[in-house]
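Chain naming follows the written order as A, B, C and D, and within any one chain the residues start at number 1.
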């Protein structure tokens, strides 16, 4: 088992998918122990640290990576299994940002109203009790919610010679901001360039579906993933597999196009995996799918289409992609057993 | 306890919210035992019953009602508690419909491609095992899924002297097609005209989130509701309360506007119920809300914003609207006890 | 030549398309001399008359009509030729309205920002010089623009037993708010109910494309139209014909769907009128069409697709619909000659 | 007067804005005589040259450039005056492309219908008669339309370290596909990186508003521009100035956001140029603006907001940006006089 630990120095952070040289070259099957800074580049540490004052755009949402996966070529699929995602600090932060978020005009949903006030909320993170604690700023209220760590941003270099800001979700993955990107899940990403150039960041201690105000409970993370390759099989949009579900993502505007992409991908994916006619698959998905919204605030909005594996006739025993998820999960278990 | 049973004759079905005289006048607090025909007006009974042939538009999605609630006035809120929703037949139907659904061009998302083929699927409904069974049309596959009965269409007469097709969801409720409209839930609807003119229909044995192909597992239903009034308190968009959650709905196009409406309503609603500042409420909802998509196929798309009551500081013990849900649930329990 | 003059009393104004009994029954070919009140029901007469104070919702955008056209049946097309549209006062008004317009959050594009200030602008209207004059409210600036009178709202009763607010544009016409609805143009509307039930209102002394702030230069109008029937020929979306152009309209959200509807209708319409293959028609329209935006503020947005008749091979000499526009224009000329 | 002529070899073509080294470094004030290949990289030369067969994605829509403008820094504005745009061949081509265009499902407006047929149309281009000629493929029809040459793609390197495909329009310009980008116009582009890195391509002999089928009358062009700098004055979205109009662009999805961006930019721009209060400017633009749609087919849709300079009180005599357009136009006239 190859294990590589990597903790970027501030000057090693990446701000785009594509257009950045790799920080490491790794073999398929490698376990990566990664640390990622929070989306504020660690600069929001108290309620007086307003984003508009402490962050110089575009130095927001830093990435750890990219990693060149040896042998990855366009037309392949990169599999990334999340072994664990754990907050590396006992606090996290959220905020409103002027002209950003779902319940305000923005630079694209442009308007003439005054922006909302810029307010920061600090959260206590308890990794033992597995909780995060919200404290209201304008009253004495206090709410304890479950810790549910995840990565908002996971992706590879895009196609068409593009480089995309780490704030953007699209077919290459990126800033999808879905709570489903949690430990135990395998993410499948289509490879667009040699080496795939995988990176991640934007840890969230938890977030609501939609990330309504534009910002989650943002925290630095210690994350272990296993990367692997599915040679010769392309993946049009990022997909996820958990023990119980298959999930397709779509990222686009308007939001219905994100929904359409995800549903279309799930319909065709399970059609192929299970040998179902597209119309039968369309009907089954119509009655069986869940559709968790990921974000309605980023440059593209993201929705998932999610179906229980138990509803999928003839899905191979190990799951999709001939059982990659089950196999990587086993390796992850072996890795974790070894660490104890 | 006033109990009224009503089973419409075919000529008594309503096809709009508004513009239709009431079938009954009932007192607040009345238990209504209702039967509703399926969305096909009962005309799709086998795989050869194509909607384009057996249904004459606009005679689709019939409503049971409307009911005039005595004392209901504009500015009040109608509470509808769903005691039970049970399929009244052992079969149900679904179908593709040309130029209708999320993964096809439509009359508004207009295009020049040929429509998808029109195909009907029949489902077995087992109310003892609590299952519905999908049978593929183009292979021998067969999938058993949980029965989860709900009403796609629940609403009152709209404002502004309008009458709206039963296919339309909007601020008056209507064809929201959310799986959350199941037994055990209380639905709150703003009253726009004297008597409110409540109606329901479009029973689904189950549906996926988004109702992707445009049609759920459509079935006739035996449904018991209790109707009640909250005087002097308006409700801008339909809301739901279950034992564990508060939910706001939004119905609009594009889909992000449905999301915005629902989130905005939840933020302001819990702000008022709990005495939270709007920005604190915005932050809490951003981290805590679920956002189940209802439909992405109807004339307006529908999304819910949903939050656990346990995350709501200072929510009154009985829940929202000073405890209407808890009170109606008790009456429902008494009614059911009495029936045994 | 049948000529009917009609000036509604305040209590005769209509507020919906559909759901209202006709004010007159008229024969096809009749000349109607109509007066229409402005969209504010005449209640904004100075800069201190704020809409939120002087107007009680939904009593906004009053209609003159509806007129029952004898012999009109579903499946027919109503032709309405605008002989003249002239301001009946020497002033007009515009305003911002809280949470209405394209550059503000609204009740559907919901947000948490404070609404824009409510400000009224009064315009001088000079029907001899053919100008309207804008006076800035916050500086001494003054701008003279051409008078270009038009009707924002023209339509018939909708299908599916619906009644729609006069603020809504859709397949029945209604509040399309296109500057193309000016004198000299013939509007074609699909008939949905017996008698068609034609009405109009919402005179604008001029407006920009998009009606950005939500309100045009609103004025009462003296308008002469000739109504006629095309029997047995349906019209799916409102169309216009001028001496030089054919135009299709689309009204929907998001705005691209309004564009798609209008382009799709123009492609199929000229395909049928000229015997062009749909793909040839698609290509020709792609290179030749203009796409004037009508409104981006109403419950549906409206766009037109517009093509010069000179680019249409094999269009019949009199124009579309076998020459209705040319024929009604002649009758209009005869009527005007008679009046002098 | 510095004059630089540049005709790229095939291997010198650029396929992105950003991520490409400059082909030349030029001083502000330089006249550039450029040749640009057509959007098909010259590979569609007859009706049998199907894009899906002759073009290898992403080698589509090649750019001439980029040019490093000496002294250009982030926060400056690049002015590009189009002296002339002339077809360099006597033919041009258009086509349908599977799953691309406004009246078909696409990879983002995903659906399950069969794609439209792939059909190529060849056009005759007559630069003396100033016409382009459409020949139907499925009938004998033939339509002559005015030649109206323009560039679909004009831009600079984007901000945030991004590189964007030449198919994408956004704040950096790019593939806006507006017929307003014709000879006689000055385009203003915000500078995001040192040297600005200006490039252009995608000549159209003409196009309809919206570029409905996704492809215009595509042709190689001989184009003369003058580039200049406005130091210290940023430009948020591409703007155009002609002798008679100021124009702002917006590129986004959904289409209403493109409209909002353009209108918001025009309102604030003329507010600043003319010293108008934002609400006065909003009102004036609402009544005076034209809103030509550029494209409804590219990764972002583009709309313009356009106003006559004569309606702008206190606009400086030379126009916006302290008269850059008038000054560059004079230089262009001197250049053209010199060539004769």
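Convention: a contact is a pair of C-beta atoms (placed from the backbone, for glycine too) under 8 Å apart; a residue touches a chain by one contact, two chains touch by 3 or more.
This is a predicted model, so every value here is computed, not measured.
Equivalent interface to B-C within the set A-B, A-D or B-D: A-D (over half of contact pairs identical by residue number). Annotation: C-D is the more contact-rich of the chain pairs A-C and C-D, by number of C-beta pairs in contact.
Centre-to-centre spacing of subunit A and subunit C amounts to 48 Å, using the average Cα coordinate of each chain. One simple way to say how far apart two chains are is to compare their mean CA positions; for subunit C and subunit D this gives 33 Å.
With touch defined as above, residues shared between interfaces to two or more other chains in subunit B number as follows: 103, 109-112, 116, 253-254, 260, 263-264, 267, 279, 282. The touching residues of subunit C, counted against subunit B in their complex, run 15-16, 18-19, 57-58, 107-112, 159-165, 167, 250, 252-254, 257, 260-261, 263-265, 267, 278-279, 282.
Partner subunit C is touched in their complex by these residues of subunit A: 103-105, 109-116, 254. Across the complex, subunit D meets subunit C through its residues 94, 96, 102-103, 116-117, 119, 121, 132, 134, 136-139, 141-143, 145, 206-217, 253-256, 259-260, 263-264, 267, 274-277, 279-280, 282-293, 296, 301, 303, 305, 311-314.
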